[in-house]
């Protein structure tokens, strides 16, 4: 166990890899064993990841750090570490993966072995992205993750899965390769001969160059988020992906965009981040409203949820763009919230799909008559998604809006439209799916949630509620990391509000400006 | 002496040039082959004039003798007829000619502009000296390696040309 | 020795090289094409001899020797390929060998 | 008789003699019995590897009068080329049997081609280099045309041969011009001469450089000297294609590096932009061309043109990083192309060609290991981690960006995205489609399995732990004068 | 003086309904729907018996929790009243925070003071009555367990709303009651109109909530706190220039008022409330009349110190309130659905309360809120009793002459009608009088005039309702007439209790000097002007005129309404179309938002432009790929030419173009 303690993060990456190998080596016929091994090992990874909570200090410092020389000539090393931001994203990943495996117990009907392998590989990759403190390492995980996801969509997806998988892959790759070039330019410019994030973040890059590099980074991350107008891969990918794929995609992968902004783009290019901030904020808010409006008119449940993700992550990006301690903390929190509530939504849509083999809203109606438990939980998940206070979403959204107000109150005001529209598109969907009489005879004999499905959903709903009520348990560790980040970045920006000036205590400039 | 050399040089050069053009201009492959033999022989003269008797002899024996006979042999074997008229050749010909001209002018100008040594009169290219150089450590291995070259060519030729018992 | 001989020989080699190249483009009989290439190799040889003369070094001639060997080897393989192909296609027209394209 | 140093040519000698032995063994095997050609060839190559180890240990840096050397650079490529030869030999038997082209001479020719490659990378003198080039090529011409009942094979041979001889003439003319400038064919002498050329000869040297570039450009299949590659790669027997894509390219780049970074280093300012242009057009046209292909072999051929472009990017960059990046990439690329073509060879039963996407549809379900291997190779070709291809591209682009050629890196990565599209199509077919009716795949033979396994291990190994290979490449590159 | 118990009691008040909800929600399924079971087992068997007992038990639990909560609330208030007036502030708080980030902290803290005391009494009191009433009214609904669980949940959130010590915590209750309202309006979810109404209610409320969120944020940014008490301090600490006509304080107030408009159904966000009558009638009584809809009034009163600082905000509140009062009253004139009349009446009365707020008479607003809770709950429950008697019929044109058939209902309903009409000495008279007085005293004659007119209209349409329902002869079918029956005791007891309340609360309020008690926490204009003695008389006169006119038109000569509407067709149309608000909203929602999103945003922009660009890029690259194939002619001579051309270009480049 001492290896585990010494190399906790490495273990979190290696364990799923190891499990993937084991599953791959299991005989092809013993499907049950394959599924079981995958599930148990991912659950074990979750348990191990809980150890992170035990040893974590609520400071801004990187913790559980590990360094192993790798390509010393290039200044590349295997550098891992987490702070309050990545901690929770890692936990989110380890939390969702076993649920996905459990949730796909029956939905995946062929090639279960490969499914388990890819899910575990994906998990390792995702954890790696959140732990990497070296640009090279980050990029490796970032790109490597594409492959299992690509397979998940392409093999187990629905009708247009191939188009969606390829689109997903190309879109993401197109964004990230330019980021790779930006890495290299940064490497050259810094002259430090290292890819260590912390070191590079301390070395100033000329402002003119910063803009270009930041743009390259921002493109990669904006596609991943996805920010308007780089979002069109998302509905396709979501709709066509199998349930587990959608859950992971929405739950974790999309978070990497925002995480990338926070971890890489902004600290590395603070000045450019300051200059581009308003544009990012604007796109974010457009995304909030646009995503909600388009979501409103989707006939397909998954597409609706997918566009709602565009809207939700617009909030996150607004918080990131505003870049105050409160707004960024809110953004990180909202990432977790979105992972849980949208993850749960995708699970539930998937469960419907397993029963009816359709996702069209028009095919349903009156389901509350037939499957009341499903309906009740579905409603709760929806409420979480539209940020009803008491659920998790509200805390995140509120913090984002609160923290962004002094950045630009107009953006906040516009974003609040998203709050309204969210209720509209979600509740309209709820109405069309759950309420009314059962008009479609195919819906009559549906069975309600099974015990296995409850095992998947209950933790999610419980967590959604818990996070809505006990947010300080989470923000306690997020905030110091964010505060440290904000301070570090602000110190390098010219013409930015200084970090010492807490943006929340002083009357907002926007508020006074409103008086005219 | 100098003028004789010069006359011979330019005569052989002219012949080489003309026969080379004939190689390319002929429709009949056999004609081309004979024109090429003429070119090779005129080149041999030039080699002699440039003080390389060994190469001059080799040129006649190996090239004009062995290699060209091989060509003619294959031509006879396959009973090759004249090429048919090529209607589409004009554009390609123009393009090729243009490129060739550009190439010629460019490189020619550079060659003319460069100041090449005329070489000393005491130039010794005797066969003995050639042999010493060829078997010096510098070229011995290369020389030996040509055996592999020839062998592989042989094996390749046999493999490719052999009629397979089906 | 006439100082103009060396550059003129090089120029001649250049001309022969280009003529050979033109032969490759313009002739359709594969054996003629092949002979054009031989012409090009000879042009190179001439250049080597000329440069060898210019520098008073024999390496150039050694190279010519090797080029001839190579030419012989190429002739063997090349003609064998031509023979084999002729068996399939019953033609020597290079334009007929365009199964592989695009 | 002068004192002869045999060490530098010892590996080549072993391979050459093995070729001879195989030839004889084939000739003297009674009709109806299989000659132990494969075994002998493999044994010989293993022996050559062992000898190379010995040379590396005891006679590093020795040379035969300066024409042929066994420096670190040469030894690096020796290992690479011998390994390529070995894997190519292992990949061959099943394919040859399936396509009815099983012949002892095949191995002989392949071995002698390897001899040429070995000479190519260890020559420090242009005459030796040229002869080695021709040994490699002549055998390759013959190998390409080996499938006598496939007219494509014959056609590819004639195309390869004519264009090869044609470009050889250009190469030779370049050698002649450099000889005219320096009076020698030794790289070191040429380097001195072009650094401080005799009056009026500076431009001549430049032309010589240009013509050499044509010759090397042809061998490495760079646009616009690439046109032979798709046809030859498609037409040649697949195992030969694998051998060519890996071996010829590696050896040609070895010689390319040595000549340009040693003899022509002083002219770097002049040829660098030209090579940059070649790199860009190769990357763009190679990848765009591959995009439109439905024949897998042809697609990989085009992609190989694109990869030549990537490698040229490394040539453009300055400093030791560049050379070592190119060398590292060559290792990875050799493994990948051997592997990829090897898989195609493994599934092309009964000589059924051309191979289209339909032929691999459903491979992932029916032959998971084979499909997984091909997937790994394709991933590496795309340049996605974790693979040798990614690390290689990373180094190439680092070098390019470091040398100020950021635009090259941008073109490179964008073309990687384009390439992802056509590589993914193969993966899609393998994993996301049902097998086409009537397509069956024979079991893969043990030698081929071994070869593919090694390729996979190398590709992944270099992707995860590139350090040692990179160190070796760096040490090898440090020999070159220009790799400062 | 301290009362430590008061640091715990409010939490208990909250806890009981929450526990009730949790128990019913989690175990509700086991005791749900015994009718299905009955069908299966033929009404026999232990399982059926258990289930039947279970539902009864569930209802019992719900009622006990509600009543217990009321008892605890009453106890708390009693203890609070025992303290001296200036010590009546308690801020009980849990040891952990709800939100705490970088200086922004929302503790789990409540606020118990006279204002919240009044509110928790009203909420838990009326809530308890309605729980009891529901046992009778909903006793046979197959999903009554779910119903009672929602009811308990509502009680929890409503109590949280009024007890919450900071704006965000209050907002939890605020959205929570909205949620319960959504659930209860759509309780009969099989009915298309019910689920649609629920959704509409929530979405329209969300508009207000968005304003409320922004208001909270601005409050924190500008005033530095979201704590209800500190907010006032923050406002008072502001520099004088911050109080401009449109200074931050004004904006905070206006944004919060947007929230209030949503919840309390003020123009233009009133459209959801009439539709909300799709819910069960007790729900309408509790949520959409007595408690939830008054949350806006509570909010404005709670922040009265803030509102009092901004003339602009007060003016907006007053104008919106008055306009709403008048508009809703006019619409109520032509409604035929008994509950719709009451709904518009509620909107109107809420406008009245805002009028009170707007003229600075915040305690009066609470006073009217208090009395209104009684008589409007009474009227709704009464109408429920009528509907119950009519087997679900709600159209007044199908009723008539019920006076004798359901006397208890009739009498209590009469009390309610008189109370709302403002006939002394009933409760409505006192509070309405106080409002008019406030308007007069604030020198707002127009507001006063409109208020008076509204009082007259109120008396008229309420009397119309009364007469149409209970007088004349029965207009429904014979069968329906046969079924008419008086409601069970569980329904009648609440009616009686509420009727008593409607009678005495106005008088009692005055007697107990509740206004003065409230003024300790509410802002109030000092030194009202004269207290003209003609005012109560005038108000009463208006009420009497209204009643008499209704009597004349609907009892004496029932043909009059037809003649009037024929004479004023335009006006009739306008009123029947509810001044066009619903049409405008429907048009906006269906055509602009949904239609625009579908055709313009999704189909044209998203799929067409963005995705088209992306796919177009792909096709573009692909086309180039095909084009490059053309280069590969397959002709050897072409390849050689390409090499030669390349060589020529390369040499030319090296000779001429290369950088110096």
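A, B, C, D and E are the chain letters, set down in written order, and residue numbers restart from 1 in every chain.
Everything below uses one rule, namely that a contact is a pair of C-beta atoms (placed from the backbone, for glycine too) under 8 Å apart; a residue touches a chain by one contact, two chains touch by 3 or more.
None of these values were measured; they are calculated from a predicted model.
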item	value
Given subunit D and subunit E, the chains that contact each of them	A, B, C
Where subunit B and subunit E overlap in contact partners, by chain label	C, D
Top chain pair, ranked by how many C-beta pairs fall in contact	B-C
Taking each chain's C-alpha mean as its centre, the one farthest from subunit A	B
Centre-most chain [mean C-alpha coordinates]	A
Approximate Å spacing (C-alpha centroids) for the pair subunit C, subunit D	26
Whole-Å separation of chain centres (CA-atom averages), subunit B against subunit D	30
Rounded Å distance, subunit A centre to subunit B centre (Cα mean)	71
CA centroid of subunit C to CA centroid of subunit E, Å	96
For subunit C, residues that touch 2 or more chains besides their own	10, 20-21, 24-26, 28, 33-34, 50-52, 54-55, 59, 62, 66, 69-70, 73-74, 77, 80-82, 84, 94, 97-102
Sites on subunit E at which at least two other chains make contact	618, 629, 632, 634, 636-637, 640-641, 644-645, 647, 651, 655
Residues of subunit B touching at least two other chains	92, 96, 100, 103, 106-107, 110-111, 114, 116, 139, 142, 146, 149, 152-153, 156-160
Touching chain combinations (by label order)	A-D, A-E, B-C, B-D, B-E, C-D, C-E, D-E
Interface residues, subunit D side, partner subunit C - complex	126-127, 130-131, 134, 138, 141-142, 145, 148, 151-152, 154-159, 161-162, 165-166, 168-169, 172-173, 175-177, 179-180, 183-185, 230-231, 234-235, 292-293, 298
Complex contacts: residues of subunit D adjacent to subunit B	2-5, 9, 16, 19-20, 23, 64-68, 103, 105-106, 108-109, 112-113, 115-116, 119, 125, 127-128, 131-132, 134-135, 138-139, 141-143, 145-146, 148-149, 157, 180, 198-201, 203-204, 207
Complex interface listing, subunit A residues touching subunit E	167, 170-171, 229, 231-233, 290, 293-294, 296-298, 324-326, 329-330, 366, 368-369, 372-373, 376, 383, 388-390, 394-395, 398-399, 401-402, 405-406, 409, 412-413, 416-417, 419-420, 422-424, 427-428, 430-431, 434-437, 469-472, 475-476, 479, 483, 502, 504-505, 507-508, 510-512, 514-516
Subunit C to subunit D touching residues, read off their complex	10, 13, 17, 20-21, 24, 30, 33-34, 37, 40-41, 43-44, 47-48, 50-52, 54-55, 57, 59-60, 62-63, 66-67, 69-70, 73-74, 77-78, 80-82, 84-85, 88-89, 94, 97-102
In the complex with subunit D, residue positions of subunit A that touch it	70-74, 111, 114, 136, 139-141, 143-144, 146-147, 150-151, 154-155, 161-162, 165-166, 169-170, 173-174, 177-178, 180-181, 184-185, 187-188
